[in-house]
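I have a structure I would like to understand better, so I am pasting it below and will then ask my questions one at a time.
All chains are identified by letter, namely A, B, C and D, in their written order; residue positions are counted from 1 within each chain.
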């Protein structure tokens, strides 16, 4: 799009509670995001918190189009261009259709500058067009289905002023949502980003902690996680008795929680398999011993042992057995996890609320943390408990890990 | 595993309320599932509903092992072999370890036949071993960590009797869960099954209805659904204004609900794109006209139009616009959907509760119906409203459709 | 509704795979549920599993109306009355309206007996009326909006035959849903039932185990649970470090996880309160010592200590501190919980997946178990892991406990 | 807490990217929230966006304690007092215990000023104490269980510097969560706030729109909503065919979706009740006619009719019937809802995603909007689609409406 041109600029004016309402920072952020630049001409910030501020800012762009695009955004944030011009109008080309480049409303109070004066739109509703009636001078929001051929509608972003809504302060803090993890995101892109994070951390020779629960085995993803282990993307695995038990169950019996991993059906006596698996490992003495004795010859735990990737299995009150490798005292288990947290570059939390919160409690905020769960409540809880840096991905871990391993070519 | 041998059999006895408690049918079902056969020797079914029934059944198997496996299952359902033998015992090989082939308890009342008499286990808890104390004659459930080397534990399934729990009747009907759709299933297998259903219905030249919501566009799956369209796996598409609008938004602007599908980030002015997309199609006159005029040259709706696959877009109260193809009167829209429902062989419902329930209301129960949603409540609601035949798959539709299209090689 | 009259009866015929499809037990169950009785006239059950069965049953009722009601149900399950009569017809009173007592369709294949012969309805769709065309002899399902004044519709349940749908067997077992815990239930009624369960168990002098998580404190319900403690409805409390910590935090600082319980707003420094609360109790030596020293003078833990109700706090890997009363070794904590499970009459699980599954693992199936959670997945998981006897209630524990304590007058 | 004293102040220094990172506004907001005041001494804001800013601010408080509390907060946000003092230390009173008033760590990089110099804490982990080793000069985060009697720990907030974490920008925008609606909030308080909103809007004689779905009938809450109608807290009701149908079903048959509202159990033939209810109203001609003819004599719709409260029932593709009052054309239904949106003072959205989003699309941002649902995803979606002003309450609408009506004494 080219370089910023110092001769392509527009001076804009901002008035009101600019700092405590974040308006000023949002405007600065938007200019930067859109690839523009700015400098302050005057900056009268209220000395005391009851005083309004008044700021004149010069915004620089790359081209007339670029400037137009930035002004559209700044206008919607409450800035008004200093050399005020009338809004532009165009006629509707057909019934039920707006003119091209029509202005699309927000649900905020809006005014339009026409024939030299500001006219406030009487109805605030999102996704309308603004129709001007030259006979009465009124500007009104109109649904697309109500547009009639020849009606005059505002086009472009010139001559518009939108008043930001101030949030009701007292309740704002406990329930307002700005933007939250949602399951409705382009998934291929999300997976590519996670792959990039892992590549960068690996290149920087920092540790990657993978925290996981038994769902990765039940959904058939443990083999995909083993691919990440073999690819060198896992420095340590944190989990509990369940993930290791079901992984061994799968290696020994082809089932997870009694469900055949080939057919998806329960097998006779399958609910006993996990306890039989535990018994075999207890007899062998440890997971490492079981791998060395050839008792366990595939799966995630096998990949960890044969690739010399350490793991910490922390006990939980719901454990059967447990496996001999499980640290049943939770304070001792925390001590085993703690040093890894200080040297981590990234942490991948996969379908386990318990171990994810436990790890989150010990992670520095600077560690890039990605939490993958099908249940949005897990990400919310993690964030509520202080791990605000968490990037939440609401998806099916079973399909996610396969595509992540594909993306990383491992 | 070979043929059933008529000389390998075991006679078992069943007593109690066998029919109204479903025990008899469960036993018959289990024998069949395990590949065995049976015939009734005597069948005394209570003439009136207060009378208990008494059934003697001969169960045939393929081998001694196979018979053993079936007996294990039948025993856990309350059947007892007629030629009663003592339970078998084996010593624990090490502290904290059960002997191989140990009997693993359920949480039901259990008795063990030892030294010629039945001994009831005093504690009912799942996943324990049963330890026999020859000195006192007591048999007790013991956690694996409490097993001591040399302790005698019950092994195998001989000489055991489990009493089925009768559910508390009055509340049973409103809240009991037998088995429900869960997100924790092996996903590769589930996808393979859905692919097989689609292949079979296509081979039978029956219709496949695909019902879908806008999440398939937001998650980037609309292109994968277009692959199914091109592969001939979609006979008709049911949806609303949103899925078509965001698909066109994507084709025109590369965004869905304002999110760039390449970067996953919101773009400036992106929240207006869907209304601009609607405006373009309204100007063109229809989706088909827009495709023919070259306004829309990719995406799901483009694939439908160019492959002559019809679609029904039903209006909803939350629609913007809507697109000219949307049938805004809901009774009229139902009439457009109804005939398809009667000729369908399968119906795939993708991330839309509204249109899925609407379609479920019109589908014969005989139509194989698969509902894919990340939210388990959608499947529950569908089933609660009478579409009991629905197969629920709790997963991320974005990743699901990609792997389904891969599986179908289209 | 009076007594069953032995002279009011109807003989019905059933044919097909009655036992392995559960049809026979469902028919018996329905007769009993509707207050009728039955006896078998002939009972030809296939000796081998490929043989169909043929059953003639005499169903007794209380009145002609009652018999009619039962026949309606049995017909929908596939039974046919032996003395077959034609279906009854009535004209539509107005456009868009069915006649009173119209037959409402299911989505199953249906046939109507009219003018001496069975006529299969060509379209299977639920919630339609059945319109008879005397000119063509056709019976067809019609939506209510398509009814025209004077059209003849089937009324009552006589002369109808519905063919039950057999479920596709291979996938049936892993994903089919019969009925599941739903949030959409009449809540006052549900609370009354739980209150009755607690009253009965208390009257029987059996133990009530209450398992709870910190959400009961966050939602303000801990004081309501304390009312149950004081009312004698809690024999032992199972939980973890979090519920006790936040209860003490609330007693000391009026906050839970830093949120002021009076205003619902975060307080300055509130996120540190839980650790300060832990520190105080560690200094006192134990929760009991803290109560005795007057450090803690209200709340749930205070109620437990002053009412001599024991508690087991099991350690978890996510604990801060923990409190000195927490048993950090999970195997030791299980040993402390186990004896209570064997003497329980009921178990109330409140908003904690971890401790609920742990307790479920140790409970006999005979213990009435009620699980209350706002997240349906918790109940599903509990049931998937073998605690099939669980009654799931999907609701807000904060409002539930208040109304439960009100209902119990404590 | 008294008045602000102009002689109780502290000058603090802030340096860095204060405006685009929101730090300055957060600091101003925190001082105000804590009841203090401030003025700027010097305010050097970077003219261009690459320049750092430097601000000296005088913060006024009410007392020394109050000032201390504010400094604690400002320090954690990166401000440093101009007259820098050493951190204070105190010895641990016992093993496993911190001294009273201990400093509790965050997961951010932290430095402590001791013996005249800044010492960076090498491990960043939340909820630790900071132990000073005078021999080595090292300050280290230590878990409470690792504290030993006599160890020196930092107490108070003096002499501490915390570096705010900058969020990774590119991904920040699509998945970061600041704070979201959570089910774990003190519910009595939340209900009181909603009651206050309704009281204020009623007193101001503005309209209250109530949008509701059928779950309010299924959960038994429709009678509680009728109390709000009779109390004058509802100006108009928006909904669909389902809520009105099930309300009438309840009035006529005592069931909702076939479930008996007294027993919570399904009744025979109950799944047909809703269609029979629709048929009755179609015969009567309208809901108002049915109330006047005495066909419907209780319930929510009855309360609306007899209290002259209007309602808009919008058609949906999943409707049976529908009722004659339902506007089946969705564009026409929108036109009926639109004028109410412009005169509303508040909008209460109860357990319906479809109608809530539809209403949200037409509401000015200035209208206080409260969305109550047991499913957090509903609130997320509403917010994602532009209704950012929504206050989300995750709870059981069945219990919520009862307590709200109690709180409002109606």
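Methods note: a contact is a pair of C-beta atoms (placed from the backbone, for glycine too) under 8 Å apart; a residue touches a chain by one contact, two chains touch by 3 or more.
Note that this is a predicted model, so its numbers are computed, not measured.
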item	value
Contact distance in steps, from chain A to chain D	1
Chain whose Cα centroid lies at the greatest distance from that of chain D	B
Inter-centroid spacing, chain B versus chain A (mean Cα positions, whole Å)	30
Cα-centroid distance, chain B relative to chain C, in whole angstrom	20
Inter-chain centre distance, chain A versus chain C - centres from mean C-alpha coordinates, in Å	36
For chain D, residues contacting two or more additional chains	127, 145, 170-171, 173-174, 183-185, 193, 257, 259, 264, 271, 320, 322, 331, 334, 361, 377, 384, 386
In the complex with chain A, residue positions of chain D that touch it	19-22, 24-25, 28-29, 31-32, 37-40, 43, 45, 47-49, 106-109, 122-127, 143, 145, 165, 167-168, 170-171, 173-185, 193, 331, 334, 338, 341-342, 361-366, 368, 376-377, 379-381, 383-384, 386-393
Residues of chain D touching chain B in the complex	170-171, 173-174, 240, 257, 259, 264-266, 271, 314-320, 322, 328-334, 337, 353-355, 357-358, 361, 375, 377, 384-386
Chain D partner contacts - residues on chain C that touch it in the complex	33-34, 69, 72-73, 93-94, 96-98, 100, 102, 104, 127, 144-145, 183-190, 193, 214-215, 218-221, 256-257, 259, 261-264, 268-269, 271-272, 275-276, 278-279, 282-283, 320-322, 324, 374, 394-396, 398-400, 402-403
